[in-house]
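In the two complexes that follow, chain A is the common piece, with chain B as its partner first and chain C second.
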Partner chain A sequence: MSDILLPLLVTIPIMLAAFPLLAGLKYERAGWPIAMVGSLVVAGLAALLTWEVYLEGQSTGEQIIHELGGFPAPRGIELVGDGLSALIALLIGVVSVAVLVYARKSGPQGNAFYSGYLLLTGGLLGVAFTGDLFNLFVFLEIVGLVTYALIAADRSGKAAYGALKYLFLGTVGASLYLIGVGYAFVATGTLNMLDLQSALAEVGYTDPLVQAAFGFILVGFMLKIALFPLHTWQPDAYTYAPDSVSAYISALVSTTAAYALIRISFDVFTVDFFAANPLIADGVVLLASISIVVGSLLAVMQTEIKRIFAYSSVAQFGMIVAAIGLTSETALFGAVIHLVGHGLMKAALFMGAGIMATAYGARTISQYGGLAKRAPFTSGSIAITGLALVGIPPSIGFVGKWFIALGAVQEGSWGLAVVIFVSTMLTLLYVARIIEKLYFDPPGDPHGAAHDDHGDGHDDAVDGHAVADGGHAGDDGGLTTDTQTDGGSPAETPIKPGDSPEQTAAVSGAVSREMLAVVLTLTLATVALFVSADQFAAMLDPVFGRFFQ
Partner chain B sequence: MTEPLITELFTEQHAYVLFVLLSSIGIYMMIATQNLVKKIIGLNMFQTGVFLFFVTTAYVVGGSSPVIPPDGSGGPFASPLPHVIVLTAIVVGVSLTAVGLALTIRLYNEYGTLRADALREVIGDE
Partner chain C sequence: MTEVDALRPLAAVLVSLVATGLIIASYRRPNVRDSWSVLAALAKFGIVASMLPGVLNGTVYVSNLGTVLPGIDFVLRADPLGMLFATLASLLWVFTAFYGIGYMRGLSEHGQTRFFASFAASLSAAIGIAFSGNLLTIFVFYELLSVATYPLVAHDETAEARAAGRKYLAYTFFGGGVLVLAGTVLVYWLTSQVGQATVDFTAGGIPALAEIAGSDPNAASITFMILAIGFGVKAGLMPLHQWLPVAMVAPTPVSGLLHAVAVVKSGAFGVARVVLDVFGPELVFQLGVGLVLGTIAAITLTAASLIAIRKDHLKQRLAYSTVSQLSYIVLGLSLFGWYGLVGALLHIPAHAFMKLTLFFCAGAIHVETHTDYISQMAGIGKRMPVVMGAFTIAAAGMAGIPLLAGFVSKYYMLIGGVQMGGFALYLVGALLPLVS
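Moving on, here comes the complex of A and B:
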C-alpha cells in the first residue's frame, strides 16, 4: 500500500510543473498557488512516508519497493524507499515549502519560475528514490537542467554567466558518472542497484573495470557535490543566483548528489569494496580532507556574504564525503545528520542573507556593520544558524559533526579528526566576523560609511527597512505596518540588479512578515533538532544494518 | 607480448579507442577554447564519445537488430538496453545544448562578447 507513495512523490510535482505555465496563459499570478499546493503535497506525502518507514523500521526493517509500470526488477525500474531516502525526501518537502513562502515576495516572479521550481522538486525526489543507476543519471540531469535555468531566472548577465559555468561542469560531472555506470554495466550486465550489489561481488571488487567504474562515478559526483578542486562553479552559481534560488539549491541540489553517492557507495559497491580497495577509501578521505581545509580557508578569505556561505558548503560536504571514505557506521550516521542539518542551515542562512540584501542592500561583510539594531530578528537568525554551522551545541550542526569526528577517532583516522577540528576553528572565524559586524560595529562606522556609496539611496529607505524587518522595537506596530505593505503586494515589482536608487528604496517593502517567519522557523528547527539523534538512529538503523552487515 | 595486444586494440576494439579519442578531444576543446559556442560543441563531442561507448557495448558479433518475431525465433540479437539508454541520454544532451545556447545568447546580448576570458574580466570573476 505504502509503496504507491513513492511514484506519487516523484510524479505529482513533475506533472504539476506544466500547470503554472498553462494557467499563466489566463491568470497571471497562478504560479505561486500551484507551486505551493505541489510543495505542500510533497511535504505531506514525504512526512507520511517517513512515518511509515519509521514504523516499518520498528517491525521488519524492510525497504519499500515500487516496480514502475509493473515490470519486475532487474529489467524494470524500481523506486526504493528506506529510512535514508525518506529523510532526504522530508528535507526536500520542508525546504521547498519554506523557500516557496520566501519566494512569493522576493521573486523571481513569473510562472516559468514556478514551473521550474516544481520540476526541480520532482527531479530531486527522483534522485532520492530511484533504484536504477541509469534512471539516477536522468534525474540528476533533470535537476541539473532546471538548476541552470533557475540560477539565471532573474535575467541578469552575471547569473547567466554563473549558470553557464555550472552547466559546463555539471554536464561533465554527469557524463563522467555515466561512463562509470557504463563500466559497471559492461562488468555485470545490469543497472538495478540491488542486482548490481551481488553482481559486482561476483565479478570481484579488485577487478580493474569495477575500480574504474567507481572512480568515474566518484569524480562525477565530486563535480556535482562541488568538492575542491572541482568546486569552481559553485561560488559563482550561489552568489549570482536570485536569493530564493540560492537558498533552494544550496540546501538541496548538492545534498541529493551527496545522498546519491552514499547510496551508490554502500548499496551498490558496499563496504566490502572499500575493504578490498583500501587505497580508494584512503583516497576519498584524503580528497575530502583537502576539500574541508581549502573550502574553509577560501570562505575565510571572502568578503561577500553569499560567497562565504558557498565556500563553507565546499568544506561541509568535504566532511560528508570523508565519512563515506571512512566506512564507519558512526561517521556515516553523522554524515546523514549533517546532510539534513546543513540543508536546513544553509537554507536559513541564504534566506537571511537575502533579507539583508533586499532590505538594506547589504551584500558584503562590511555593509553588515550595526545591522543588528535595525534587523534584530534576521541578525539573530544569521547568528544562531552561523553558530550552528560552526557546530556549537545545542544545534543539529553539532550532532552531525560530533558523530563524524567520533567515527574518525574510532577508525583511528586522527588526521581527519584534526582536519575537522581545524575547519571548525576556521568556520568560527568567518561566522564570528559576521556576528561581530552585526552586533558590535556601530552603524555609522567608517567601513560602513565607506561602502555607503555602493548602496546609493539606502539611507532614504531606512525607516521602511526597520519596519519591514518587523522589529525596530520588536513591537506589534511594526508588524501591523508590515501587513499593510503586504496588502499592497500586487504593486510589487520584481527586483532587478542595477535598479535606480528610487527603485531600490521602494524594494524595502519587499521583505514581508512571512519571509522573516520562514527564516526564524528554520533557525529554531536547527536548534530544536539537537535532540533528534535518537529519531535519526531509529530511521537509519535498518538501513545501516544492510550497509554494514 | 604487447604487440598482439596493440594489434587487437586497433583491429577489434577500435570503437573503444574512438570513444577515448572523441571524449578527450571534446573535453580538451571545452577547456582550451575561449569561445562559448565552441565550448558547447566540445561538450557535445564529449557526450557523443560516451554515447558511442554505450552503443559499442550493445554489439554482439553476428547479432541482428533486437526485433523478436512472435514465435521467438532468430538471434543472436544485439542488446537493446544500451540503445534505449543512449536514446534517453541524447535527449538529455539536446536539452542541455539548448539551455547552454540560450544562456550564451543572453550573455552575448548583455556583454556583446562570446569569449569566456573577456566575460571573466567584465564580471570580475576570480
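Moving on, here comes the complex of A and C:
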C-alpha cells in the first residue's frame, strides 16, 4: 500500500502548484493557504513514509518501488523509496512548512511565488524518489528553473543578476549531467537505475565510456552542489534572493543534488566502480577537501552575512562529497546525517539573518554590532546554530562530523581526516566573528569594525592565503558586496548607535512571532538531534547494506 | 567498587544550568538574580558533598543518559578522581559566587546578568567534565566549557577584551574541537580493531587500547600525544599557553574561575584522565610518550617561571605562575610513579586554593586602589594588612614552604622524580620560590 505514497508525494505539490495562480484570479490572498496545505500534506506523507520505511527497515529492508502508470521497469519510469530518500523527503517536508510559515509575513508576496514554491517542492521530491536517470534530469531542470524564478522574485536588479547566473551555470551543470547519462546509455542501453547497476557491471567499470559517464555526471553535480571552483553561482544566488527563498534553497536545492550524487554513485555505479577506479575516488576526495578549506576561507573574508553563510555551504558540502569519495560506510552515514543537519542549520541561519535584516536593516557584519541586546532570541539562535555548524556538541553538526571523520580515519585517509578536524577552526573563524559582533561590539563602533577586518595575526595569515588561492571568487565577493552594502536596503532605517536596549522584546512590526518561533524551533531541533544517530542508523542500515554488500 | 545508578551526578551538573535560566529570567531584579547564583552554588556543593561518603567507601554513582553514538553512552560517573575535581570546583564556586557578586557590584560592571549566567553555565560544564564517564562525554563538556567561558573572557567589550576572547576561543577550540575530537576518534578507531569500540574511562587504562598498542605502538603514541596536548591547551602547556595571560583582561572573579576553579584544572584533569583511565600509567610508560609530555611540561615549567618573575603586572605574573604550576601537575602525571601521580593529584586542589586566594587578593587590591602593577604597590601591606597577609601565605604555599599545602604535593612529586631519575633536576630547579 505504501508505494502509492511515492507518486502522491511528487504529484500533489506539482498539481497544487497551479492553484495559487488560478485561485489568485478571484481571491488575492489564496496563495499562502494553498501552499501551506500542500506543504503540510507533503510533510505528513513524508512522515508517514519515513515511519513505514522505519518499521519495514527492521523487518525486510526492501525498497518500495512504484511503476508510474503501470509500465514495467525498463520502458516505464519507476519511483523508488528507501530509508535514504524517505529521510530527504522528510527534510523537504519539514523545511518547506517551516519556510512557508516564515514567508507569510516576510514575503515575497504574490501568488506566483506560492506556485513556484509548490513546484519547487514537487521537483525536489521528484529528485528524491526517481529511479530513472533521464527522469532525474527532468526533475533537476524543474528544480533549476523554479529556483531561478524564485531567486528573481525579489525583483531587484541584483536578484535578476544572481538568478541569471544561476540559470546559465545550472543549465551547464544539468547538460553535463545529461551528457554523462548519454554515455551511460550508449554503454548499456538502459536508463533505469536498478538495471544500470547490473548493466554497468557487465560492461566493466574500467570501460572508458563508463568512466566518462561518471566523470560528466560528477562534474555536473559538483556544479549543482556548488563545490569550489564551480560554486560561483551560489553566493550571488543565496545573497540576492529574498530571505525566505535563500533559506529554502540553501537548505534543500544543493542538498537534493548531493543526495542524487550519493544515489547515483552507490546505487548505479556502486562501490565496485570506485574500487576499480581509485584515481576517481581520490580525485573526488581531493576536490572536496579543497572545497572545505577554500570555502571556509572565502566565508571568513565576506562582509555580508548571507554571503558568509553561502560560502559556508561550499565548505560544508565539501565535507559531504568527500565522504562520497571515501566510499566508506561510516563516512557516508555521517554524510547523510550532515546533509540533513546542514539543511536544518542553514535554514535556521538564513531565516535568522532574514529577521535581522527585516527588523534592524542589518545585512553586513558591521551592522550586527550589539544587536544581541535588541534581538536576544534571534541572536541566541544564530549563535547556537552557528556553533552547531562548527560541530560543537550537543548538536547534529557534531554527529555528522564525527562519522565522516571516523570514516576518514578508518580508511586511512589521513589528509582528509586532518582537513575535517581543522575545519573546526575554519568554521569557527567565521562563526565566532558573527557571535563576537552580536554580543561584544557596541553598535556602530568604528574601532571594532576596523579591528574586525584585520583580526589578529592568525586572521591575517588566513586572509592572505585565501586571496592567493581564490582570487576570482574573492574579488567577485568584494565588488558585489560593496555595492550591496551601499544600496542593499535604502528603505530600511539604519541602526541608531545610541538606541536603548529597552526595546529588547519589541521586535519591529515587520517580524511576526511565527517567524521567530520557526527559527527557534529549528535551532532546538539541531540541538535535540544530537541523540539521533540510532534513528538514522535504523533508517539507513538497509540502504547501506545494499550499497556496501 | 560498586556501581550505583543515581541521579545525583546528573543533578550536580544540571543545578547550575537551571540556575543559568533563572538568572537570565530574573534579569530585572539584581537581588533575586544574585541569590540564584548563591543558592545554586550551595546546592551544587551540597549535592557533590552528599556523594562524598559513598565515594570514599568505594561506591561509584552513575547516571547513564543513553547511547549517543554506537558503543558510546552519554554517561556521568562520580568516581574518586572525578569527585576530587568536582568537590574542589563546587566548593570554590561557593566562595567565588560571593566574591563575584561583591566585585561586580563594587565596580558597577555592565552586563552582570550575562556574567552570572555564563558563570553558572561554566560550572555546569566543569562538573560535567569531572563526572564524565568517557572521552566523548568529557569532550562535550570540554567544548561547552569553552563556549560558556568565552562571554566571561570578552566581558569588558573593549577591543582588547574582544581580542582576548578571540584568542581564547581559537586556542581552546583548537585543543578541544580539533585535538581532543581527533584523539577521541582515534581511540574509538584503535579499540574497534580488537572488538567492540569503546572510549569509556577504565581505571588502569582501556584493555583494548593496551592490546592494540602492542601491535601498533606508533598509532597509540600519536593518539596519546594528540589527547594530552588537546587537554594541555587548557592546562596552559607551552607553546599553547598564550591565551592565559591575554585572558587576564577579564574581571578578577573570571580569572579565579579560569585559574583556580574550573578551566585550567579541567585541562589538567583531562590529562589525568587520559593518563590514568584511557591509556593507563603502565602503557604510557611503555610507549615512552610520558617522557615527551614530561619534557614539554618541564620546559613550560621553567620558562613560565622565568617569564613570571619578569612581569610587573600582578595578574599577568599570577597567570604565568599558573602556567608553571599546572605544568607541575602534568609533569607529575607523566612521571608514572605512584609518588608522582599522588603529588600531581594533590597539587590540583592545593594550587586551586592558593591561586584563588592570590587572585581574590589581587582583585581586592584592584577594587580598593585601582592598581595592577607590582612596582606601584610599595607599602601596600600596611594599607591592607589582612589581604596581604593572605596573599603572603598563599604565595608561600605556592613556593612550597613546608607546613603549607604546596609543600606536600611538591614533596611527593620530588620523590617520584628522584625515583624516575632525570627529572629531578628540573624539579629541584623549579622548586625555587617563584611568586613575588
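List of remarks:
One rule holds for everything that comes next: the second predicted complex is superposed on the first by the 485 of 549 C-alpha atoms of A that agree within 3 Å, B and C clash if a C-alpha of one lies under 4 Å from a C-alpha of the other, contacts with A are read in each partner's own complex, and residues count from 1 in each chain.
We take it that a contact is a pair of C-beta atoms (placed from the backbone, for glycine too) under 8 Å apart; a residue touches a chain by one contact, two chains touch by 3 or more.
Here the structure is a predicted model, which is why all the values come from computation and not from measurement.
Upon superposition of the two complexes on chain A, no clash is found between chain B and chain C, which fit side by side. In the superposition on chain A, A:11 makes contact with neither chain B nor chain C. Looking at the shared chain after the overlay, A:410 reaches chain C, while chain B stays out of its contact range. In the superposed pair of complexes, A:160 makes contact with chain B only, with no contact to chain C. Of the two partner chains placed by the overlay, neither chain B nor chain C lies in contact with A:521. Using the contact criterion defined above for the overlaid structures, shared-chain residue A:366 touches neither chain B nor chain C, since it reaches no partner.
Closest C-alpha contact of chain B with chain C, superposed model: 28 Å. The residues of chain A shared by its contacts with chain B and with chain C come to none at all.
Those residues of chain C that touch chain A in the shared complex are 66-70, 74, 114, 139-140, 143-144, 147, 151, 154, 157, 159, 161-163, 165-167, 169-170, 173-174, 177-179, 181-182, 185-186, 188-189, 192. Chain B contributes residues 23, 27, 30, 36, 39, 43, 46-47, 50, 53-54, 57, 81-82, 85, 88-89, 92, 95-96, 99-100, 103-104, 106-107, 110-111, 119, 123, 125 to its touches with chain A in the complex.
The residues of chain A lying in touch with chain C in their complex are 387, 390-394, 399, 402, 405-406, 409-410, 417, 421-422, 424-425, 428, 432, 436, 439-442, 447-448, 451, 455-456, 458, 530-531, 533-534, 537. Touching chain B in their complex are the following residues of chain A: 134, 137-138, 141, 144-145, 148-149, 152, 155-158, 160-161, 163-164, 167-168, 171-172, 175, 178-179, 182, 185-186, 191, 236.
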